[in-house]
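Please find the structures below.
Next come two complexes built around chain A: one with chain B, the other with chain C.
Right after this comes the complex of A and B.
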């Protein structure tokens, strides 16, 4: 437990992040948008495309949004990594009743979710490497 | 959200303040007052109780009863299949039985039980007196009872649904009798109750934690509740939208799923499984959350990898929405689409696995005491892992094609559900039983029932993998001999009776009278979380005083915590004004911000549920006038309930809550629990609306002629005009709120009156723009989906008008003032969502069809 004097300082430093609970879902949300974009665009193209056309354009599109999504997730992950500050203080378990631990906990969770989302985006993009037809 | 220390007094409390002894005379008096306020009604009035401890118990027992009924159906199915060419059940009755077995287990047991257990134990874990909206829990419970009895009762009259628990059209649409209607209306009714519970639980976790329980300190169970509540909000509404379309076709012949008139049965499959797959995780996560509470206790150490488990709960919650098409691999979707879903189905294994590894790690580094709850958790891990592995196999499309609709699927889903739900829940019942009954279940009977269940389960379902690989399709009422299935089926049937014996033994242990047995010790497992501060013998007040929390395991880490709670040293130890109260705290750091008055016993919730039931049950028999009357009465009951008991104007602005802290009694806008409740409800509502809009674009994608060439469209001019006037009604509502805040009451009232007029005018114009044309909803799916959207918009504008009128009346009768304006804040939030609905409706009904 920190002393009251530092408590005030923490208050100023971290008090403004009421919305940071939302931040932990940003990376999974990127996964959602990537997934929906792949699914919806494929569904429309496969339904509306004349038979016999190749899917080259679609696969480039998927490559493009995949890279964009990965960059986005990496950025969120990097930001959370900085906020977590593991290299600074080495705290892995944020179980103290302080603003600092709460702050770093949300960052830690957000960082881990970025890793899972990153893997998830890669997984979803893999079929587009191997499949070149709607059927 | 930030707390102004000067305004509210002292927070956080210092150790010296907590050490100060509490006056004994005051202790006795305040205890008496608190007991009086929270007293459970006696005699026949008992059923008017709304307290979470009562409603939670009824909810659990009702769900358990429905499970036993559905289990009996399963036994009948197994008897019929024991030998080839059996005639124990006729084909028709067999169809009803397996449909009801699945439907009841899913909708009447698995999902409601999550809500029931959470309502029962969550306030205890959070050191809260009750849930934030106790009457909403009670209303949800009564809806569940009425709907459940109606749906399950249909089996006794040979009128049950018989098209399988996922009700695929065209079979379910063409099905004769009222079975499909019972399924659709009865279960929609229960789904709405589920959403109500989800709203309550989310608000409970976010706003009703004890002071100091920051978000990094909350029990993992609360994290899971938050995730699952969110999932319910996005998973159930698509099914409700699907049910609406389905019932419109059954009742009024609007051809949403009829290919001859442009419809498409595949839309149902999509809507159903967008619900159905997340639902599996909605069942699984809260049950595994119980494991997250039991494991640290038996390992006698804090959980390993708290952040990792949070990651796994949140990650699973998201990824589970990307799996729905793996139930539809054989429907001829593009191979690339199947690939996406196959990949996501494999990806979800990662977060799901992480939490199991975290549990195993905790057990490895702790000093494990093997008790009955731990036995069930161990069984759960073994069974779920096996189910997970067949899940990985089934996520591969080519393997899936081979075993689609065979007993391999039946084996897989029972392994995941027993391992992921039944066993952890049984562990939870053994574990938490002392909290809500003050007795313990017999360890001897517990071990017996565990081994009967575990062996019975495996004898029943392990052979089914092979039965399925040998080609036996599911849902056949009998089979010929000589296909190699005979002995496997016989083994499964024998196993099912061993399994049933295990359940019976458990039921006996659960329900046998225990009045002669001594009361339990207060913390029999030596657990570290707050629910174990419960009072023995029972007190209805929830917790004697609401503690200040500084640890994930306060009972292990905070010295003298229980003594201080009992002495009334902490917050809200008294009920000086004779009102039921609980604390509202901030979302992240749980700083106390409000002393919220909660509602007490009432019959109105039961009456409202009866009328709501009527509104859903009469249409099953195609009787519409009484249904409309019931709906009107249900609305009136709910309005009465809101008017008389929500956001009452307090007799004083703020009150001392103990430890030198003084809190406001009234809150409005984002500070209040009610505003969060509306926000979360509307998120679910918006999801249902988006599902309808998805239907429109689904038809456009899959049909070459949607909208058909030369078909009539809604009148564009009237549509745009109507939309603009409706948006004006929205603006007027916001203007009313702002004027009221500034103290211009008369101006606010005028704006509300004009808003009501604008709502009526705008809606009339929109209706006219569709109805003045020759668009016939029975002729083709295009006019039908336009009419469905029109119906949705009309219903929502009607609710918006009622809300405007409610606030106008509130202002006139002094319930709503510039200072006390929660109702007006809340309806503005509703109108924001309605504004979105209006814009999308005008685009989809008026502009897109011309443009596509």
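Right after this comes the complex of A and C.
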């Protein structure tokens, strides 16, 4: 029986990562959509119905979209954290040309970007708390 | 005997004049005379002190670890420093500052409630001003804003042709003026006095020469001033001023400028009915003395490059003087 090579073994174990380069942009993308949704919807509401009590609705909308975004980013962050596997092997620097290091490096980057995106989404939402008119 | 000032001396004077001229309070965000400006100044001072403290702290730590006590940090200490000082601390501090500055937003944008409201239109390069009184009557003026102290006056802003920005640093933040759009702000000056405003958005050749003065008066004085402004122009009494009025009408000044009470009713240029009583001429650039009027009319295009008003260089000096005299008399 032919023994599988180390390379094949690695590829099987970390094979899901063939397309995971994409995953590192997921969190920033959520941040981008949250930002655009907040600003565009606010602009439209203030342009179309500047008077009246439309701002309460706007606030609920921003609260909803913010919580959704935060949950999404937290999920992506959690998944990257698991994939990074820091707790298992304690590796912080992935600088070897191996499948394993590639696998963990992408997760590491994705995890850090999730933190930045989480903070970013919170900051984008802060003005909604203080908004009391379209002026 | 007089000693010639050395060039270093001159340079030093020049270097001091610029920063110090910003300290007289006429046009300084650091000497607020209005509610909005006071809030902005507080925000600025807190940020400034915070920035200085942080700068000293960060550079102090740098100095300590590189010069005073250079030694390798343990991995744990390094990570605590990076996560604590690089992520947690700035996130919390910036979050607090963000929330604080946002909380100022609503009071900065509060509507005015004074009986008089003002609309200002940006022109190239001057300010068209119109007061609307409680009874609905309108009053045209230019290049000067008078406001009642202690009251919150609503100011609507728009522009003709290009974007300008309305800024009276001692009273409030700035607000852009767009052609075809109306923006607003409210001014709530707390102390009487004279302040200076300046166009804060590049708007063409003479952008830097587009200023105005804001005179903050006691509410009673302000009402009286409005009554005076509503009256037509004063009849000239002296012969020289009478001649000036004739020249004014003969030379076609009335095609562009209004002097209420005379046939001059043009609206392309500023309303001159009470121009002699204003604090400045040519949108904040000359005093309102008869001489300044004469110079302005004679050399308009060199005093304010690319202005629409032509220079009247062809007029004789005596005629120009009569004009200057007449205009100064329109108080």
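Here, the second predicted complex is superposed on the first by the 125 of 135 C-alpha atoms of A that agree within 3 Å, B and C clash if a C-alpha of one lies under 4 Å from a C-alpha of the other, contacts with A are read in each partner's own complex, and residues count from 1 in each chain.
Assume a contact is a pair of C-beta atoms (placed from the backbone, for glycine too) under 8 Å apart; a residue touches a chain by one contact, two chains touch by 3 or more.
Please read these numbers as outputs of a predicted model, since none were measured by experiment.
K.L.:
With both complexes superposed on chain A, which partner does A:133 reach: first (chain B), second (chain C), both or neither?
P.N.:
So A:133 meets both chain B and chain C here.
K.L.:
I'd like to know which partner A:67 touches here: chain B for first, chain C for second, both or neither.
P.N.:
neither
K.L.:
Looking at chain A, does chain B or chain C touch a larger number of its residues?
P.N.:
B
K.L.:
Figure out whether A:42 sits in contact with chain B (first) or chain C (second), or with both, or with neither.
P.N.:
The first partner, chain B, only.
K.L.:
If you stack the two complexes on chain A, which partner ends up touching A:24: first (chain B), second (chain C), both, or neither?
P.N.:
In the superposition, A:24 touches chain B alone.
K.L.:
Looking at the overlay, what does A:119 touch: chain B (first), chain C (second), both, or neither?
P.N.:
Both partners, chain B and chain C.
K.L.:
Residue by residue on chain A, keep only those touching chain B in one complex and chain C in the other, then list them.
P.N.:
119, 123, 126-127, 130-131, 133, 135
K.L.:
Within their complex, state which residues of chain C touch chain A.
P.N.:
87, 91, 94-95, 98-99, 102-103, 105-106, 109, 111, 184
K.L.:
Going by the contact rule at the top, pick out the chain A residues touching chain C in the complex.
P.N.:
Listed in rising order, the residues of chain A that touch chain C are 115, 119, 122-123, 126-127, 129-133, 135.
K.L.:
Quick one: in the complex, what on chain B touches chain A?
P.N.:
1-2, 212, 214-217, 302, 306-308, 310-311, 314-315, 318-319, 321-322, 333-344, 346-347, 350-351, 549-552, 586-589, 701-702
K.L.:
So in the complex, the part of chain A that touches chain B is made up of which residues?
P.N.:
Those residues of chain A that touch chain B are 1, 15, 17-18, 20-21, 24-25, 28-29, 31-32, 35, 38-39, 42-44, 46-48, 55, 58, 93-95, 97, 99, 101-102, 105-106, 108-109, 112-113, 116-117, 119-120, 123-128, 130-131, 133-135.
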